[in-house]
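In the two complexes that follow, chain A is the common piece, with chain B as its partner first and chain C second.
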Partner chain A sequence: MRGMGNGIGRKRILDVAINFSPVISAFIGILIGACFVALWGVSPIMFFAELVKGALGDRLAVGSTLNNAAPLLIAGSGTAIAFRAGANNIGQEGQLFLGGLGAATVSLLIPNLPGVIGIPAIFLVSFIFGMAFASIAVLFRLLKGVNELLVTLLLNYVGTLLVAAMVNGPFRSATNVSYPQTDAFGEQFLLTNWPQFGYMHSGIFIAVAVVLVSGYFLWFTPMGLRIRNVGLSPEASRTTGSNPTAIFVVAMLISGGLSGLAGGVEVIGRSELLRQGFGASLGFDSLAVALLGDINPFAVLPAGLFFGALRTGMQTMQRSIGIPSALLDLVKGVIMISIMVGGAIKLYVRLSGVKKQKRQVEDDNVETSKEQ
Partner chain B sequence: MGMAVVLEFLNSMIRVSVPVILVAVGVCFSEKSGVFAMGSEGYMLISAFVSVVVMIQTSNHFVSIAMGICAGMAVAAVFSYFTVVLGADQVICGLGSNFVMLGLTSSLQRLFWGTTGIPRIAAINPIAIPLLSDIPFVGNMLFNQPFLTYITYALIPFAWWIMFRSSFGLNLRAVGENPSCADTLGVNVRRMRVRGVVIGGAFCGLGGAVLALSQVQSFTENISGGRGWLGLIAATFGGWNPLAASGAGLIFGAAESLQLRLQIFSKISISSYVILLIPYIVAVVFIMFVGKSKRHPAGLGKHYRKV
Partner chain C sequence: MGKQKEILLEMRNITKRFANVTANDDVSLTVYKGEIHALLGENGAGKSTLMNILYGLMKRDAGRVLFKGREISLHSPAQAIEAGIGMIHQHFQLVDKFTVLENIILGLREGRHIELPLERAEKKIAALCESYGLDIKIRALVENLPVGEQQKVEIVKALYRDSEILIMDEPTAVLTPQEVRKLFVTLNRLREEGKSIIFISHKLPEVLEISDRISIMRDGRMVDTIDNTPDLNSRQLATHMVGREIKLQVEKKPCCPGEVVLSLDHTFADAAGESCGIKDISFELRRGEILGIAGVDGNGQEDLSEMIMGLRKLTKGKICILGEDVSNSSTKKIRGMSIGYIPADRLHAALVLDFTLKLNLALNHPDKPPYGNRFLMNFKNISRIAKEKLKQFNVAAPDCAELARNLSGGNQQKVVLAREVGEKTDLIIAVYPTRGLDIDATRFVFDTLLKERDGGAAILYISTELEEILTLSDRIGVLYEGVLMDVFPAENAEVEKIGLLMAGERV
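For the complex of A and B:
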């Protein structure tokens, strides 16, 4: 279907406009949010102003935006890899929580580990925890033929509740009883943060590196090509010698692992201990980030920064003008729907262009119009 | 003592599984017509919210349930416009609509009631059916229930009859299996699919209203809490047959009821979060045993575009 638009010589205004569909979708999402806040007696202009001020207003805001963006970028590029392979991994939320649990496991069970080994060990373990969680869905798919969609979806709840059970049970802090959380991790396990840059932590550099590496992996390596081919057509990729099942497994595991890594970075970068519900909705946001970034890790970079800013702006706005941050869910949902609807309209415009062309050129050939 | 606990558990098992069963039946209609029902969670949320708001305003159960169903149908209609008419991706649109509904209901709840929370609404008392409820063992379990449960008893076989014994159901299944063939035979594919999705929205809406009015007796943030997904799984692994899907829904209801019981009897020293895991673990184990035993409708998830 993708190639069908190539035959159209003339480019319509609508067609050009829809090529900016992620930008338009993001705009539509914020616009609907802005109209909605009128219920609180806040004008849309003020909403925009507060959003920008909250996300980018001062050093603290920028630092918080970048900190929010870091896990979104990591998990978002993982999601992009899964979606390119046609693997329906929507369990980022649970995998991210398991990654956070992995970080806590390392730092609480081996507290004497030096930082040089400790931080890489945390990254490795949180990657493995996320991967293991995704592998449940992989096993169900391979052994039982169950679509990974439903299993990953269910495991989101299992992941969040597992973390809750752990921080209320074995990992519960002995000193702090006000909120279910672990003891503070050792100093050597934490990522450096810079108070002069609004407490930005070094996770953002890791995130950018992950984005670039996974973008390179997906677009410039043979494995990446195979992944994309499997996503476009499993049958065709089989004829070129790759094994769609193996590719599916690889993509799912990478995606789960990166979601786990995102959880690890979030825990040792920002929260500095494992808390109940520490990264709530980060996983679902990263799903939206991947879609907004056109399922392309390179484009996930701006999309993740945008969502990081959106998260920060909404959180600030709850404090400053009392708009509930739950509004973020609404904006996120609208963005996801409008990306998909935009894509559908784009396809429709292309197909109707193809149809018109066919009717002109091959008026007598009835057979061609019967193809779907 | 022991017997009374068991009877009470069985009674609550039926009561608790009603929303999940209703969602499962709704999902059957939507997915038999070829459209993924990923928005079931959102239909439940909006319907629960609307029905509670209407209940507080009017104190009339029938009006509030009707409004809840209408809310579910309205959201389903918008969803079906995007997916069936425009052809947008059903999974992502469904997830997106869930987020929209979650954000909408949570923010409106804050707007209307602030942080004080919603006042509790009057409980719906169980009605014991005179002769039937005296049957030993099953009488109390099945026939000492709120009236909504009796409506559900009637709806399940009715849904089965509609789907497998009426011409409407035949057309519905036809557009789900082979839309182009159905189209050739003169069935309006788009219209049938929109109907399937909207009927699904009505059932999910009823499920959400039952959950809010009869069980929680209030609206809390994210009240559905995964019941929409459990209904989706019950329908999928019940082979999209309303009867089998209801049976699967009953299993999840039992798990949830067990979880609620265990939380009350907190003598056992397990973390309450481990207990909360029970329904999801049961669902995962359920999937593991049932697996992909049934063939899904061939046209499920595929957009049909008339050539």
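For the complex of A and C:
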């Protein structure tokens, strides 16, 4: 009996560890990051204190953290939906850039549109642009069986470069020649921001809404159930009457669309025009957000805020106390890698569980004894 | 057999514990030189564990293994083979695209030649085959050989490695009755030549026929080792095996077929992967009857069920369910017609192991009342129904929020049953529904299906276990390479005839 209790106790600890593995791995990442900081001759305590101060130290910092979090939350929720369906969309960066391009297209081509229609139109078009970009990978997968992981990854370059080409070409501002960017969008297209809250813009509310709707969609609707079913067991989803291919397409498109929407929100919320490299690495960060959030939109919420704070803190440190950006990127990279390794380990634990169970069943089959 | 018996293998007081089960509890087994020793036991009795320990696949927690009088400690199959212990798994360990010769010498290091010593090996194999009365085509590709021949290759492979003891794991499970006869001839020959064989099986008549002694395991313990004397019978063995007198027959009311529920009209499906496809199958299945489909595994069983369920493309012909043409309809549509489907592979095709039981139970129609509507699932109803079904089907689970992964195989199968036949059904398609289940769980499946049949469901029961087919069916069909050989009433069934049909011989 004692042994049994022990076994269960150990199992429970393992369960808890698995459930909190993203948080644990983020923490390990921070520790390793601290080692690198120390190697640079900077006190890790000072480093992280500055980081926290930079991210949350004053109103401006908090506002900026929330503004950084908004696109991360939107794209992160989409990523969670894709991953739950087993669709390996890692093209958030490119899709986000396309979404930004969508926003620019609306505001530059129809400059006289009133805001009431303009802003929803921008949301819609940036969603569609992101979705269309993701659909390239969908087509490759359906027609040629090419893994969407590869295609979406490579399309990231296409997306960022396409924006660069546009803002250096047809969309290039006639008045500003110092940096490749568009003209400023009309006032009516921009999201409200509040200087008294550190220039926080209303995108964060949209982001929270997206998170809640996505979470609700995944966990409480029949379609969400089918999406999760496909991700965990495509075979079982087929036999219970789902169409895994259709669900793959839906999940990819939703995910691409939300990444696009994130780009749109970023452009009309913060940058107020489209410039080359406007939301650099927001897409990649949203991938980390989804993983840190255990590909569960509800948990993406704190994860997105964390990464928003991380981005803001690092931006501030770079500006104010001259920490080399390479070191900052290194620390962030270490944290992200740690989260991903944690995810991989978790997957491995889960899969080895399946394997064990499968072996068990095979043994059962061998030991079948039901003669007579 | 009167001569002095020489002990070849002794396993003494073997104990093996897993997390919270003791798979082998103080198990001892003695095998003499030149005997066929049957190892018999119910599902989970610990036979596989014991053999895995002997073959170096698992480490024992306690106990000793003596082989030829010397204590051995094996950590891998390679060491076991080296020592002279061979194992023939139920799923053959052969490379399909290699010749018999290549398969036999695969993995062996002979001399220091760069070139494979093929000719020398071929001579040696030919000599081996001669001395044991085996005939195999040494240069043939394994994939072109029938199952019985492949098994022979496995035997020669073990002999080539100078195995003195052969562990055979359910060797007859994949064979037709005719192939079983040939295997027994071979086994007898091996015995004459002084080889020892551990014969794992659950088929009592076979065990009685071939073995010299029988060891029976139950709940991880060795119950008894008995000499196979002519007055030993199946019933005694079965009683030993389960520890109580078991009822050998199920209660079955006479069959009164009603309207046609399922009809297949000259249906065809393409072969895919390892399956053989479906070739021109027609039959009708009526309310209140069970059509049992017998056949050796891999002769189109899964193709047939998947074709009916819309999971496999119907290339020709017509399928009707309750008069409605469902040829190439979507699974979703077919699922909407009160059909229960128990797929062959419950672990992958029926359950989502990382979902809770209640979600698994709601998986067929999460978007329909009472489980929910198009936009929202009704978790209150889902939980309530799940609780009812778990109780109704005697699923041993703490509650309906438990992950399916944490249930035993038998209970997982009960969950599938609860989902598929827990509501009113017109048609049930059950593929190998008792696979991996013990006698009690098997009986539960039988009772459930019979209750559904008496309640007016039409049941297509696909199984490789002839006993089950004979017990349960009202009519019997036999599948061979995607062809339905014959369909006849169960009363007229003769095992011999079914055996021939299973081997593809028309009678």
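Remarks
Basically, the second predicted complex is superposed on the first by the 303 of 372 C-alpha atoms of A that agree within 3 Å, B and C clash if a C-alpha of one lies under 4 Å from a C-alpha of the other, contacts with A are read in each partner's own complex, and residues count from 1 in each chain.
In this section, a residue touches a chain if its C-beta (ideal position, glycine included) is under 8 Å from a C-beta of that chain, and two chains touch if they have at least 3 such contacts.
Quick caveat: nothing in here was measured; it's all calculated off a predicted structure.
In the superposed model, more residues of chain A are touched by B than by the other of chain B and chain C.
Once the two complexes are overlaid on the shared chain, A:220 sits against chain C while remaining clear of chain B.
By the touch criterion defined above, A:43 lies against neither chain B nor chain C after alignment on the C-alpha atoms of chain A.
When the shared chain is aligned, chain C comes close enough to touch A:232, but chain B does not.
Once chain A of one complex is fitted onto chain A of the other, the partner contacts of A:341 are limited to chain B, with no touch recorded for chain C.
In the superposition on chain A, A:192 contacts neither chain B nor chain C.
Contact with neither chain B nor chain C is seen for A:320 once the two complexes are overlaid on the shared chain.
Within the superposed three-chain model, A:243 lies in touch with chain C and out of touch with chain B [touch as defined at top].
According to the touch criterion, the shared surface of chain A, contacted by chain B in one complex and chain C in the other, consists of residues 369-372. Taken together, the chain A residues at the contact with chain B in this complex read 36, 39-40, 88, 90, 136, 140, 144-146, 149-151, 153-155, 157-158, 161-162, 164-165, 168-169, 284, 287, 291, 323-324, 326-337, 339-341, 343-345, 347-348, 351, 369-372. Across the complex, chain C is touched by residues 3-4, 7-8, 220-223, 225-226, 228-229, 232-233, 235-243, 350, 353-354, 357-358, 360-361, 363-372 of chain A. Residues 19-20, 40-45, 47-48, 90, 169-170, 200, 202-204, 234, 238, 241, 246, 248, 309, 311, 330-332, 334-336, 341, 343, 345, 347-355, 359, 362-367, 371-377, 379, 405, 409, 434-439, 442, 465, 467-468 of chain C touch chain A in their complex.
The residues of chain B lying in touch with chain A in their complex are 82, 86-89, 91-93, 95-104, 106-108, 110-111, 180, 221, 226, 229, 232-233, 236, 271-274, 276-277, 280-281, 283-284, 287-288, 291-292, 303, 305, 307.
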